[in-house]
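The same chain A turns up in both complexes below, where it pairs with chain B and then with chain C.
Showing the complex of A and B:
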């Protein structure tokens, strides 16, 4: 294998054997802290000397044991993550951090904590409403979170530790954003599947290793002269946690290119940065409270009319659609996803406003539904093509 | 120029042969287990009916859920686009297509050229589709072909709360035990299905003219239930079941002409 193809080959390995590196590190005595959702403040975990590890579900694995402990009203993605955890897929974890994001996360926290029985378990109460008082509250909450980690590792987390971690994570975000630049040519120089796998692989690694992997990917893709894809409609994927590359694969298999996203395993998480000029805790509070554009967060509509409200709430979709020259968008949601479920009509109205054709897909979290999705996606591509 | 459209659906396979401007053969057969065999048989039969040979076909478009399993196909196009195209040819004023087939139902919005501007399809389960009616007809002990006629005699459609095949079947048991008439029960089944289609299609809208296609469109009770539910008149083409195959044949003709240029 030549040197140039090292990055993507590594990505493929970490994606297929998700958690393999974390397992090794845990065997060496490192503490790996699992998390779900983009709202878990990772800088704190890194600053404590532990390794953040994002849990994934598995669409090829039927949910079995998990459903004996959780009701099926919980979204299937989250149930799958839980199912894998209780079936010991992530036995190398020393702890878990679950933020206050969707209702499923809040309500099932106790089930997670007593079912997994790990030495460290922390619920981070991220406010769901952005107001002045929320910042005050969240600052204090982050201090409590910090203290819990200090007690767990038996060592103080200094402001310097935090500043260093913030720098590393911001570097990671810059590099991830640079990978997105390869999506701009038409056809893009990186496929949607490759980008999805890259970011997923990154979320299974310590931040320094994740940074090095991104460097290798940037180098490899930077040398490409030609796109791996043919010219086709440029698609934006809008949704929550899409933690596999199969949807992008399906879209690209049907002749389109995935060139942009809003998802948690993509731009929602990787684009917003922490302000390095502010005091660390304050800067973290700022990012995790107000910079992640997720429907779980309520922001007051000050204009009093619907059109201005949706323009304010979804402006990032419009910018992304323009920046990446998209021809159409797919909202892909899991059944019972409460935060997105409430927002679908408003999101649809916004797409109409910006004249981007939209396909709304509601899916189970299962590889078995690919056939039904294929017909809808193909028809949508035929419609806009 | 001679072209063909083959629509391999969940319940039936359809083929349409188009010679220049006119339909010279069309056939509907059950799909059965083997999708590719069904595709072969249906095109063979259609060719026999029109007295033509397979070698004469200059282009074939396949559609339906078995579209990728058709050996003869030059191009696979989804049934959504094909239905729109077929309906536009038959009824140029059509702006909405309601298609209810064996395993799925869809509402398609189209423009004056037959281009799709929006569509919605039922979720993965077959609630409220042709298969649902088939099961209900067995539960009620009447032939599927008689359901429409019988339901039109119903004076007070029963209220059926679920179009889930399994739940509805148990509801049938209760309704029969209560002594409800068969006419009212079937009318109730159609009403529940029409309600489901109306809900599903609300994001696409039901712009006039509304054309009803698919095997279930042959059921006049279902047509009436949709008209009542949507408060508008619904058109059903002469052979509603072959609209997808017809659209596929029309697209095949366009494709063949394009390649000749």
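Showing the complex of A and C:
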């Protein structure tokens, strides 16, 4: 492993040896706090002096020990993350933050906390609705979260600490957004696999290192004169957490290009920023409660009309599809995903509305299904030409 | 399917109260159809365990408990056609099957403009509005009605967010419950405003106060009544409790519910006086330790009974704790009280759990029931489509196994003397679903039950020896 590597080579290194940098930092005495979902407010972790680290599962690793502790009706992605954690893949963690995102997370909170027995374990109760009262509540909940981190690290988190962390994370989001720009040419200058690996590698690093890595990637890809891909259908991936580059690789192996996404390890998390002009807690509440567009958050239909409702709820999809000129979309979900699963018919209706052909895939989070996925995707790509 | 329904015998209950539930539920469904025809009262789709029962009753709203209707379809083994319809719309079968059944039914009804053919018990009526709930309890409660708006876009939703602090062994929940309470109060007041807008009527707070008081008394009465099941032999088991949950979950805040438990209380006391148990010769006392039942297979409880096993207690659908044991502030404001009752219920076992390192509230509740009801074994049901009630059960059994070990342990006995006690507690996890009958095998289930009973019997003999 070449530690001097830069840009995409470094991305590859951190992607393949996921967690290697966090392990080194932990050995140096830094505290690494794990999280699995985009609802975990990372700025607070950075402001406390700890390092946020996004856990990944592994589609190539059979779930074994995890299944002796956690039911198999839990989302398979989340089960895989848990399985790796109890098999000590992330032994460098000092703590975990689990937000209220879905039943799989909430109902297994105790199982995680007792099985890993880490010094720090915090639940952040993100409301399910967006209104004045839920903002008031969430502000208080974020203060409780802040207090828990202060107790853990033994120092106060000041407004300046938070403002600094917010600035760093916003920079990160700006840089990630800039990487997406390379997807706009046809064919794109960056492959879907490369972008997925870049963002995943970034989520395993301290925010300053992540920013530097993104700078290197921007510089390297910016110098490309030619796309690594041939011209083919431009595909948007819609869904929840996709923490590997395999799906993008599969689509691109079949002659298409992944040029856009709305996933948690992509634009859902990387695009919305925190308002730096607002008081920090209020600004964080605003981002994590309102700006993150996850089906977990209920948004009221104020029009009494289904078409208007889906236009409002899924506007980000339409905006992205247009901006990146997509030819087709794939909704890729895991079995047992209630928040997304209940939206599939409405999302299908929305894609019809914006005239984007759609393939819906429900998967098990296992390398064993890649053959089936290949057949379905191939047929879809043939259909959209 | 219709033929099979005709052939299926009614499940034998141990109490008259449980036997009276079928007609009661049927009447409650029929009354919603009547209310729709008369058009005098507003009809609301909604969910149980939302602390809004008394509010709905005070506003004369007719609640349609959509989970209940799906349960009825399941119990009548007639859910499959609605599940298939939901699947054909794009919903995965792995999602909550209550919701899928309801969505399949609603879409069909809306498409036809009338009830689907041979709808169980006349069908589920179209609502005037829907009250969903974004709790930290259940995702489908927040998503189901939103999905239903695809076929009923004109039916508005009020989504009540009802959080409670999760258990943290290092932190007293009372440090944070002040802002939880403020939020829940605002959510409930928001509900009242929504209902006032929908009905054109103002809330009568004196009436609400009376109904909340009636609700409180019903909570306490249910607790006292269910505690009678500690008797040996046990006069009423979980099979019956899956019927007697109906007034608790669907009729709270009504005199009818209170009177039902008065009658049940009387009936149980009479049975106890006669020494009459759920089973003729009670050999094993089991705890239904988690999981919603397979509504189409409630006869499995009778199968347990046929082996001499009774279920004196269950955690499922025992949605009350005694108010007088709750550590919550006093208030004259009924809305504030409802919010405290909600928090008091969910945090009821927290204090106990904090005192036992490595424990947690759900485990403490199991331990309490195991001790109070002299339990010999624990049975759970893993319903594949519901994460809300079925995630964490395996872990709870792991925690129990640390206390109820398969080797004799020293415990503090009478007069403070240490005694050697055999506390092994076998467990059984059944697997299927709440209403998806395709996930169920009667042969496999009963084989599992037989093996479990053999384990209980060998333990019983070992202890006797």
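Definition applied: the second predicted complex is superposed on the first by the 380 of 385 C-alpha atoms of A that agree within 3 Å, B and C clash if a C-alpha of one lies under 4 Å from a C-alpha of the other, contacts with A are read in each partner's own complex, and residues count from 1 in each chain.
The definition used in the following text is that a contact is a pair of C-beta atoms (placed from the backbone, for glycine too) under 8 Å apart; a residue touches a chain by one contact, two chains touch by 3 or more.
Computed from a predicted structure; not experimentally measured.
Asks: With the two structures laid over each other on chain A, which partner does A:70 touch: chain B (first), chain C (second), both, or neither?
Replies: Once the two structures are laid over each other on A, A:70 reaches chain C alone.
Asks: Mind working out whether A:369 is in touch with chain B, chain C, both or neither, as first, second, both or neither?
Replies: A:369: touches chain B, not chain C.
Asks: Touching A:348, do we find chain B (first), chain C (second), both, or neither?
Replies: both
Asks: Once the shared chain is lined up, is A:378 touching chain B (first), chain C (second), both, or neither of them?
Replies: The first partner, chain B, only.
Asks: Is the number of chain A residues in contact higher for chain B or for chain C?
Replies: The partner making contact with more of chain A's residues is C.
Asks: Would you please give the residues of chain A that touch chain B in one complex and also touch chain C in the other complex?
Replies: 348, 360, 362
Asks: Under the touch definition given earlier, write down the residues of chain C that touch chain A in their complex.
Replies: So the residues of chain C in touch with chain A come to 89-92, 94-96, 99, 132, 134-140, 142-144, 146-147, 149-150, 153-154, 156-157, 159, 161, 163, 165-168, 171, 176, 179-180, 182-183, 186-187, 190, 358, 360, 362, 382-388, 390-395, 398-399.
Asks: Quick one: which bits of chain A touch chain C in the complex? Just the residue numbers, please.
Replies: 68-71, 73-74, 100, 102-104, 106-111, 114-115, 123, 125, 127-129, 131, 133-134, 136-137, 140-141, 144, 148, 295-296, 298, 300-301, 304-306, 309, 333, 335-336, 338-339, 341-346, 348-349, 360, 362
Asks: Enumerate the contact residues on chain A facing chain B in the complex.
Replies: Those residues of chain A that touch chain B are 348, 360, 362, 364, 369, 371-372, 375-376, 378-379, 382-383.
Asks: Which residues of chain B touch chain A in their complex?
Replies: Touching chain A from chain B are residues 65, 77-81, 115-117, 119, 121, 123-124, 203.
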